[in-house]
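Several structures are given next for inspection.
Two complexes are shown next, each including chain A; its partner changes from chain B in the first to chain C in the second.
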Partner chain A sequence: MKICVCVKHVPDSAAKITIKGKNQFDESINFILNPYDEHAVEEAVRVKKQVGDSEVIAVSVGKKDAINTLRSALAMGADRAILIKTNIRADSVITSRALKAAIGQDGKPDIIFTGKASIDNEGFQTMYRLAAALNMSVASNVIAFSLDQERVLVECEMEADARGIIDMPLPCVIGTSKGLNKPSYPTLPAIMKAKKKEVKIIDLESLAIEKPMSSIEILELKPAVEERSSKELKGQPEEVVMQLIRVLREEAKVL
Partner chain B sequence: MEKIGILIEIKDGELKKTNFGVIAAARDDCHELYAFLLDGSGAEFKSHLAYYGVQKIIDISSTEGPLEWNPVSWSIAIIHAMEHLGINTLLGLTSSQGKELLPRIAAYLDAPLVMDCTDINLTEHTVNKSQFSGKTIATIKANGLSYIYGIRPNAFEEKPAPCEAEVIPYQTGPESEGLIVKEIKQGASKGIDLSEADIIISGGRGMKSSENFRILFEFADVIGAAVGASRVAVDAEWVPYSMQVGQTGATVSPKVYIACGISGSVQHFAGMKTSGLIVAVNTDPEANITKNCDYYIVSDLFEIVPILTRQIKEIVGEDQLTGTK
Partner chain C sequence: MYRDIFKEEHIILRESLKRFVENEIVPHVDRWEEERSIPKEIFKQMGEMGYLGIRHPVEYGGSGGDIFMTLVLAEEIARCRSAGVMAAVTMHTDMASPHLARKGNREQKQKYLTRIISGEIRCGIAVTEPDAGSDVAGIKTTARRNGDSYLLNGSKMFITNGYNAEILFVAAKTSPEAGHRGISIFIVEKDTYGFSAKKLEKMGWLASDTAELTFEDCRIPRENLLGEENRGFYYIMNNFQDERLVISAICVSHAQQAMDDTIAYAQQRQTFGKSLSEHQAIRHKRAAIALQIEAGRQLVYHAARMYAWGLDRSKEISICKAFCAEMINRVAYDCLQIHGGFGYMKEYPIERMYRDVRVWSIGGGATEVMKNDIAKRLNI
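Moving on to the complex of A and B:
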C-alpha cells in the first residue's frame, strides 16, 4: 500500500510574530512540523505496520527550510520525502495543485493523510481541495480510523462531542484531528536514521501548474491588539463573588 | 442587486442563534439574502429569518424527500441551488458543520474560501481573520468567480431588520459519491456547544482531577454555560479533547470567559482571546492570565466557584419567582 502524508512547516506557536512591511513577517523564528500533521504521520506509520509491504511518503510545499519538517516526519517513521520548493507563501489553491502534481508524478497513493488544519493560516481546506483534484473521497476531523479491505471506516468529530461514523472507498484523503492518536517522539537513533533517508526536491515552477482562477491574497498583516485592563477583584470570597456578579450583570449583561 | 447565499444551521430542531450574526454580516442595502435550509424546516423558520432580513428561504430537499445528513450530498445540493438561482457568494458559520460543508463547496467550485472571518466587505471581497494563533489580524482579498466565507460564531452581533420572506422549495437529485454516513453517535456531554455559548467556564491545571470538574458543570447548569478546558487538563485525561479551548482545540468568542486555574499560555489565548470579557480565578497573582484579562480574583477556585454557583442560583430563582426573566 502506498501512503502519502502532507505536512506543513509552520511557525512555532510560542514564537513571536514580528510583522515586516505590509504583509510579511520575520521568518527567522523557530518553525515546526504542524501539530495536526504529527497525528497524520503517526497514523500513516501505524497503518503501514498494520498492513505490511507499504511505503509512507511525506510531502510538503514550502521554502527550503521546510526540509526540517520533512526530516521530523522521516524521524517519526516516514520512508522518504518530497519537498516542493517555492519562495511564495502558497495559498491552499496552489498548495493542493502542487501536491496533486507531485503526488501524481510519484504514483497514485491509496491513502493520503494530513492534519485537519495548519496552525498558521487555519484555512481548514487543503485536504478537500486535494481530494477534489484527485477525485478521491475525503473526511476531516478524524478521530478514529480503520481499514477494511477496499474501504475505510472513520469517526469524525461533530458538534458537542457527537461523532459521525463514515464509510468511504479507497483511495481517500483523511484530515487528522488530535484525538486520533498520540504521536510518539522520535528516538535519537530514529533522528540519525532520518538524516540518511531520501528527500527529493522539486521546484514548484517545474511542475508547470496552470494559473488558477481563484486565489487568496494577504493585503495586510497587523498585530492583534491586546488591551485588557486586568483589574483585581479584592475582598473576602463572598464579597468578590458579589463584585463578579455585578460585572456579569451590568457590564457583560449575561444575568 | 446582488444575491447572497447563507447556509443556515439547525440544531435539535432550533435555529442556532449564531446564524443571526452571519445574516448581519451578509446584509447590505444592495444585497438580496437567500437562506439555504436542507433539513426540511424552511417554512417553519420563515418568520424568524424574515425578522433578521432574509428575503428568500430556499427549502432544499431531494426528489425522495428530506435530505439525510451527508456532507457530500448536502454540498452538491447547495452548489446546484446556487447555480440554479445565480448566486455566487455563500456565507456560513465556521462551526463543525461549516468546516465540513464550506471547504467541500469551495473545492468543487474551485472558489476562494476564507474561514473564521471576523470582518467582511462583500463588495471589495475582503475579509479580516486572525492568523498565527491569534497573534496577527490579516486582511485578505479573495479573487475568483465565486466566493465562500466562513464567519466566526459570535463575531457579528445580530441585528433585526424585519422584511417579507418567501419560501422557495428546491429539489435536487439524491447524490453521494462513495461517502456513506453510517451513524451519528451522540456524545456523552450533552448541552450547549462551546462555539455557541454566551458564557464559558474553563478549568486548567488547578482543577487537579477529573471529578473536580463537577463544580464547573454545576455552575454551567445554573446559568446555561458551556464547560471548557485547557490543554493541560485534556492531556492529563481529566476531560475529553472536545472540551479543549486553544491553539489545538476550539476557538471560542463567548460574551464571558471564566478561566479557573488556567495559567494562560499563548496557545490558550489563541483560542479565547476574542471573548467579550475574560475573568480569571487563580491562586497565583503572577499567572500570565492575570496580566491579560478584564477581571481576576486571586483565590482558590474550589472556594469561589461554589459560592458563585449558589449566589447565581438565588438570583435565577428570584427572577423566576418574580417573573422578570
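Moving on to the complex of A and C:
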C-alpha cells in the first residue's frame, strides 16, 4: 500500500511572533511540524505497520527549511520525503495543486493523510481541494480510523457532542484531528536513521501547475490581542454554582 | 539560531526531548524532590528514547551522535527546573559512563555499557573523598592485589547516584607510593560484599541521591579493572574537562529557564499601578541577566566547537565552568530578587532553583580550582 502524508512547516506556537513590515514576520524563530500533521504521520505509520509491505511518503510545500519538518516525519517513521520548494506563501489552492502534481508524478497513493488544518493559516481547505483534484473520497476532523481491505471507516468530530461515521472506499484523503492518536516522540536512533532517508526536492515552478483564477494575498499582519475581563457571580451558593456552570459551558466553552 | 552547530537532527532531537521533559519529567518533579530520588523507570524510558547513549558506540546500543547532541540533552533536561533530576541523568550519561565507553574492554562494555545505555542499570563515578575533592592525587582509598582480585578499602563522599546506582566506577590507589601515577579505576557492583552507601541530606538537588560510600575489604575481580592499572588519574582528568562543558551548558539553560520564569512573573505582577516588568529598575536587571546568560552561552558553544574540531579546549572549558557556575548563581539571586517575597516561597520554582544552583560553583571543579587551572594555562 502506498500512503502519502502531507505536512507543513509552521512557526512553533510557543514562539514569540515579531511582525516585520506590513505582512512579514521574523522567521528566525523555531518552526515545527504542524501539530495536526503529526497525527497524520502517526496514523500513516500505524497503518503501514498494520498492512505490511507499505510505504509512507511525506510531502511538503514550503521553503528550503521545510526539510527539517520532513526529517521529523522521517524520524517518526515515514520512509522517504518530497519537498516542493517555493519561497511564495502558498495558499490552500496553490498548495493542493502543488501536492496533486508532485503526488501524481510519484504515483497515485491509496491513502493520503494530512492534518485538518495548519496552525498558522488555519484554512481547513487543503484536504478537500486535494481530494477533489485527485478525484478521491475525503473526510476531515477524523478522530478514529480503521481500514478493512478496500474500505475505510472513520469517525469525524462534527459539532459539540456529535460524531459522524463515514464508510468510504479507497483511495481517500483523511484530515486528521487531535483525538485520533498520540503522536510518539522520535527516538534518537530513529532521528539518526532519518538523516539517511531520501528527500527529493522539486522546485514548484518545475511542476507547471495551473495558475489559479484568484488567490489569497495577506495584506497586513497584526498581533492578536487577547481581551480578558473579570466577572463577578452573585447570589446564594447554589445560584452561583449554576451561573458558573452556564458561564463555563456557554462562554468559556470548556464543559 | 546557531545553524552552524545545530542541524536538522539536533533540531528534531531538541523537539523530541522538549516534549519528553514536558510530559514525562515536569509533572513528577515535585514528587521526586519529596521522595529524594528519581524512579528507575525514567532511566528505562530515556534509554528507550536513545537519550542515554548519545555519543556511545552504536555496537553497544548508543547512537554515535556528536557533542552538540549532548548539549541539546543537557539544555533541554535542565528546563525541568530540578537540578537534582539533571544531576542524576547527566552523571549517568556524561560523567560516569564515558569512562567505560573509552577505557572498557569488549567484555566490560558488553556486560555493562549496553545496560547503561538501555537504562536497565544506573551508574555513577566515585572519586571524591572526605579529604580529597579536586585534589584527586590525594585520595586515600586503596585497592590491594590479592590473587585474581583486588581488595578495596576506603570511603567516598558526595557521590551522585551513589545510593541508587547499580554500578560505580571507583578510583583507588593501586600504588599508594606513586602519588597520582598510582591510581586505578574499578567497576564495582552495588551488591559487592563489604560495600555500603549512606544517603546524605543536602541543601538542594533533592531529587538526586547523593551518598557517602564505604568499602571494607570489597573483593573486586581483576576483570573489573577499567583500562590500565595506575592510569586512572589521567582517565579522570581527561573526562573532567568534558563533563565541565556539560555542566556549563546546564548552567546556561538553567539560567535561561530562571529568566523566562521571572519575565513571565514580572509581566503579570502589578506594582504601583503597572506591571513589574515596566519598571526601569527591573528592565535593567533583566537586561543584565540576559547579557550574562548570553555570554555564558557563547563560551559554551565556542568550547563545544573546539571539541567538535578536535582542538585542545582545556583552557576554554575551565573558563566556561568558572564563568557559568558563578553566572547561574548571580542570575538565580537576581531572579529571586525580582520575585520579591513570593520567590522565597516553595510554591515558586525559583526558590528551588536558587538552592539547586549553589553547588555548581563547587562541584565538578570549584571556581577557585578552575581559576588556578586557567592561570596555569595562561602561564600567569
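Keep this in mind: the second predicted complex is superposed on the first by the 224 of 255 C-alpha atoms of A that agree within 3 Å, B and C clash if a C-alpha of one lies under 4 Å from a C-alpha of the other, contacts with A are read in each partner's own complex, and residues count from 1 in each chain.
Rule of thumb we're sticking to: a contact is a pair of C-beta atoms (placed from the backbone, for glycine too) under 8 Å apart; a residue touches a chain by one contact, two chains touch by 3 or more.
Treat the numbers as computed from the prediction; the structure is a model and nothing was measured.
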For this session: Could you say whether A:A194 touches chain B, chain C, both of them, or neither, answering first, second, both or neither?
Result: second
Exercise. Touch check for A:V254: first (chain B), second (chain C), both, or neither?
Worked result: first
For this session: Please work out whether A:K211 is in contact with chain B alone, chain C alone, both, or neither, and reply first, second, both or neither.
Result: neither
Problem set entry | chain B versus chain C as contact partner of A:S72, first or second or both or neither | second
Problem set entry | Which of chain B and chain C A:Y185 touches, first, second, both or neither | second
For this session: State whether A:M158 touches chain B only (first), chain C only (second), both chains, or neither.
Result: first
Seminar exercise, completed: So, in the complex, the side of chain A touching chain B is made of residues 11, 13-14, 16-17, 19, 23, 25, 35-36, 92-93, 96, 119-125, 127-129, 131-133, 137-141, 143, 153, 155-169, 177-179, 212-224, 226, 228-233, 237-238, 240-242, 244-245, 247-248, 251-255
Problem set entry | Complex contacts: residues of chain A adjacent to chain C | 28, 30, 32, 67-68, 71-72, 75, 185-192, 194-195
Exercise. Inside the complex, what are the residues of chain B that reach chain A?
Worked result: 11, 69, 72, 94-97, 99-100, 102-104, 106-108, 110-116, 126, 129-145, 150, 177-193, 195, 198-199, 223, 240-242, 244, 247-249, 255-256, 266-267, 270, 273, 276-279, 285, 290-299, 303-304, 307-308, 311-312, 315
Exercise. Any idea which chain C residues touch chain A in the complex?
Worked result: 1, 8-9, 11-13, 15-17, 19-20, 48-51, 53-54, 63-65, 69
